[in-house]
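Please read through the structure below; I'll follow up with questions.
Order of writing sets the labels: A, B and C. Residues in every chain begin at 1.
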Amino acid sequence: MPDPISTVTWDNHLNIGPAHAADLGIQSNDVVLLKGAQGSFEIPVKVQPGIAKGAVTLALGYGRTAAGSVGNQVGQNAYVFAGLKGDSGLAYHGAEVTISTTGKKYQLAETQLHHKILGRPILNEISYEEYKKNPKASMETEPAVKMDKVPTLWSEPFDYSKSPHRWMLAVDLNSCTGCGACVVACQAENNTPVVGRDRVRQSREMHWMRIDRYYMGDENNPTVAFQPMMCQHCENAPCETVCPVVATSHSEDGLNQMTYSRCVGTRYCQNNCPYKTRRFNFFDHWKDVKDTKNMVWNPDVTVRSRGIMEKCTFCVQRINEAKGKAKDKKTAIKDGELKTACQQTCPTDAIIFGNVNDPASGIHQWIKNDRAFRSMEVLNTRPAVHYLTKVRNAEGEAVEGGKEHGHS
Amino acid sequence: MATANQETLKPINDVLVTGGRTFAEVNEDVARPLENFPTGKWWVCFIAAMAAFFMGAVLLLQTFKNGVGLWGLNQPVGWGNDVTTFVFWVGIGHAGTLISAILFLFRQKWRTGINRSAEAMTIFAVMTAGMVIMTHTGRTWLAAIWLFPYPNQRQLWPNFRSPLEWDVFAVSTYFTISLIFWYTGLVPDLASIRDRAKNKIRKFFLTILSLGWRGSNKQWVHYEQAYLIFAGLSTPLVLSVHSVVSFDFAVSQLPGWHTTIFPPYFVAGAIFSGFAMVVTLLVLAREAFNLKHYITMDHLEKMNKIIMTTGMLVGYAYAVEFFIAWYSGSTFERATFINRAFGDYWWAYWIMVSCNVFIPQLFWVKKFRRSIPVMFVVSLYVNIGMYFERFVIIVTSLHHDFLPSSWANYIPSWVELGMFTGWIGFFFIWFLLFVRFLPSIAMGEVKSVMDQPRKGASHA
Amino acid sequence: MHKENPAPVLSGVVGFFDDPESLTEAAAKVRDSSYKQFDCFTPYAVHGLEHAQGLPRSKVPYVTGVFAFTGTATAFAWQYAASATWWPHIIGGKPMNSLPAFVPIIFELSVLFGGIATFFGMLAFNRLPNLKKRAFDPSITNNRFAIMIDNPNAEIDDEEEHVSFSPEQAEQFLKSVGAKDVRKVYNEGWFS
């Protein structure tokens, strides 16, 4: 799972603030010798916005020696520098260390390489003062994050408001802490393979759900925004039109479906997805899960072979299970009965999922909220995933509202 | 009527066939390479091509065995060297059809010296392109059948709205029609070779392939009509095929891809790279097979003029793209183009611009247009530049698209580069076989445009 | 024991020319004479010869047209049926009958059908592949031109139906219009 702030997987690294790194002449992925009274080792560096000058941080829990293939030889043991605070336990800070360059390089396996929003209508924020004055103001930040219905050249093929179910998901950006529990839950539920350090270095991680982390404002004291990003299940899905074999289509309950057995792996859908939420199986990762490790698979979900595209399905296996049970009982699906894996795991209940056509459902209220917007709505993809605008309350927090009006 | 010697008569169209050749000499010159055992030079080239293809085939089988992961692709760059190579080869194919069809409709007689080789080049380039696009998929063994709309028990059909599906039809149609057109043109020439053949086996195969052609005018009438129809069909076809290939990009959403200039821009670029490949191949062929009287300096000069013209069209398209990116005010579009010229792939962009825009300007100078070394080098640079053009379009638009959180770089892996070389080998295997077994100049057509024997002249 | 060879059937008489102009003039004269079944042989298509020979325009374009339009109709009907009737899907919010998206394939299939039909139509009109009539002289595909006056009785087996035809008179006539190396030609297949 990528670290929520650094997005690095598999190793720990020495975090140095940008100003400090510039003084020392080091960049991310440089290997330095970290030396203190208690010991020394070589460790790669990551330039981390927000760290004060003169301080460096290092995550604990790495460098294990008896943890099996996943834990052994991963990172360095930072406990070396943790001293004792008399009787009150470990001192997690205060060790004096020196840093010297070694000239070596070590590529950290990061999942996110670029950190700025660059004025694109990806997420929306508003300060609390403005929100207090006018709750609807969050819809009027530039660039426009909520579009009225765009006139189309053709007739709609299907009216989703007539379906018994119309599944939508919403994420409250105020509640989201970026912890990443949803990422792990999704991976466990959907048999997403663990690809290993080298594949992540090549940007081939398979997470169906990711937490995008953006920095805004001053590099040395930035504001951070998290945005969980998964398949947006767009009504006008750009991926569906370009698949030559109809491996991806739209269901009448609003899901963008992925038909694994039909996919021949042209990767056109991945190219055309503006949110880049589709994942391609470059290798047969399932072959690495041998013998009894097979028990880790969720039997309700297919295990995909190579050459096939996959993505978030709104936990369609759970939807089908709920539908089946409701049919047996001859009732409708009650709101809250059916939870996606990410929704179930979120510690702050930032994710809500449900049937928007059911007026009593929670999602129905969230969609109507003044703060509800969709990512990059200007593209007219009409995603089913909504986000609630983040309202920033702290003083001095930079607010990203987008500075340019961008159309595509 | 006074008898006049052909040699001293004022030539009507000496630019087309030099050296005062007679019809009999045309047959002799063109058939000679076919009737003699291949030379050492041919064998060296053929073995090199086979070796390259063999290496590519082994790497391809490795990819089938282990997965597309052996290449350098990732998220977000789902297409890289694979689709670049596809567009590269399809583009090269377009020059042959232009020479055969469009120059025919414009009554450009000089096409007769080069059209046979150029059409052969088209067919082999389109074959290569078809192989490349089939093998770029994650599950080629299924893609090869499911992309074709055949009735089946499961009642499944492809998605006809997808540009990749349009590609299937466009490239198949292009291959079929080019093959038919080329073969139709070959029939009378195969008859010529048949009538000279001494070897019984060769004569047998040629009899079958030439369909028993005897040169009857009743047959020529239908033949010429069909030829004209093929030219008329192929002209919109060649324009449509590369437009459809450009739709792979233009119909998508990405900034840098989603633009209406792509169809004409790609067609101009295809003609540009195709002519450059024709020049490369013919400079070598005319030297190796002593065909300088038929593929004259004037032919090459005219082709170089076309190269320069289409190069300027392509350069214009580059400039217009930048202008529109700025003029549109779209954040995404502007960012994409600044990234193209100054971002991580700036080197690919500037190779493209130098090779495609600056280097062909040499052809303003007549001396360079008519210089074999200069045109050979320029034609190689043009093809390098056109490869990089597709690379730049595909990779720079993918690697920096809408969401900055998904930006990442792409480097082709050794496996991909090896396969690229293998496909070049594949193309050259076919072309070398062609020059060995089939007449590389359209003898019948050349005879119809060169100095005709005069009435009453003594025949040589 | 000998197998008796049947007497070879006279196919016609042929005369050669060295340049297209003489050929064209001679063909016009033959066309205007009483010999109605004749043909010219050339190494390439000579302009103006079809008029001199009195040949009508080729019907190949009609074949092309019919099949090209068949291609258009087929492509539209098939795509529509597959996308809207047999296996409809909601794809990207597009309507089931997405006509603009069908256009490229409609065009390609029209060209494909038209082209293939043109090729086979041309072969049919030309009665190719021709295995029955051997080339009578290798110089035709090289550098000489010829006119052959056909023996009208060559195709007619029944002796009762034969019309009168004198090969010698035909040979004289050819010589009179300027042909050289005038001789008789006998029916021979390619592989006999």
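We take it that contacts are C-beta pairs under 8 Å (C-beta built on N, C-alpha and C of every residue); 3 or more make two chains touch, one makes a residue touch a chain.
Predicted model, so just to flag it, every value in this text is computed and none were measured.
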Middle chain, criterion being Cα centroid separation: B
A-B compared against A-C, more contacting pairs: A-B
Computed distance of Cα centres, chain C from chain B, in Å: 31
Intercentroid distance (Cα basis), chain B paired with chain A, Å: 45
Rounded Å distance, chain A centre to chain C centre (Cα mean): 69
Set of chain B residues in contact with two or more other chains: 156-159, 161, 165
Touching two or more other chains - residues of chain C: 87, 89, 91-92, 94, 98, 101
For chain A, residues that touch 2 or more chains besides their own: 238, 241, 246
Residue numbers on chain B that touch chain C, as the complex places them: 22-24, 27, 149, 155-161, 165-166, 169-170, 172-173, 176-177, 180-181, 184, 188, 191-192, 194-196, 207-208, 211-226, 229-230, 233-234, 236-237, 240, 244, 247, 443-445, 447-448, 452-457, 459
Chain C - residues contacting chain B, complex: 18-22, 39-46, 49-50, 53, 55, 57-58, 60-61, 64, 78-79, 82-83, 86-87, 89, 91-92, 94, 98, 101-102, 104-105, 107-109, 111-112, 114-116, 118-119, 121-123, 125-126, 128-136, 138, 140-143, 190-191
Chain C partner contacts - residues on chain A that touch it in the complex: 154-158, 235-241, 246, 249-252, 382
List of chain A residues in touch with chain B within their complex: 112-120, 122, 143, 199, 202-205, 210, 212-214, 229, 238, 241-246, 262-268, 270-272, 274-276, 278-284, 306-309, 376, 379, 404-408
Residue ranges of chain C touching chain A (in the complex, touch as defined): 87, 89-96, 98, 101
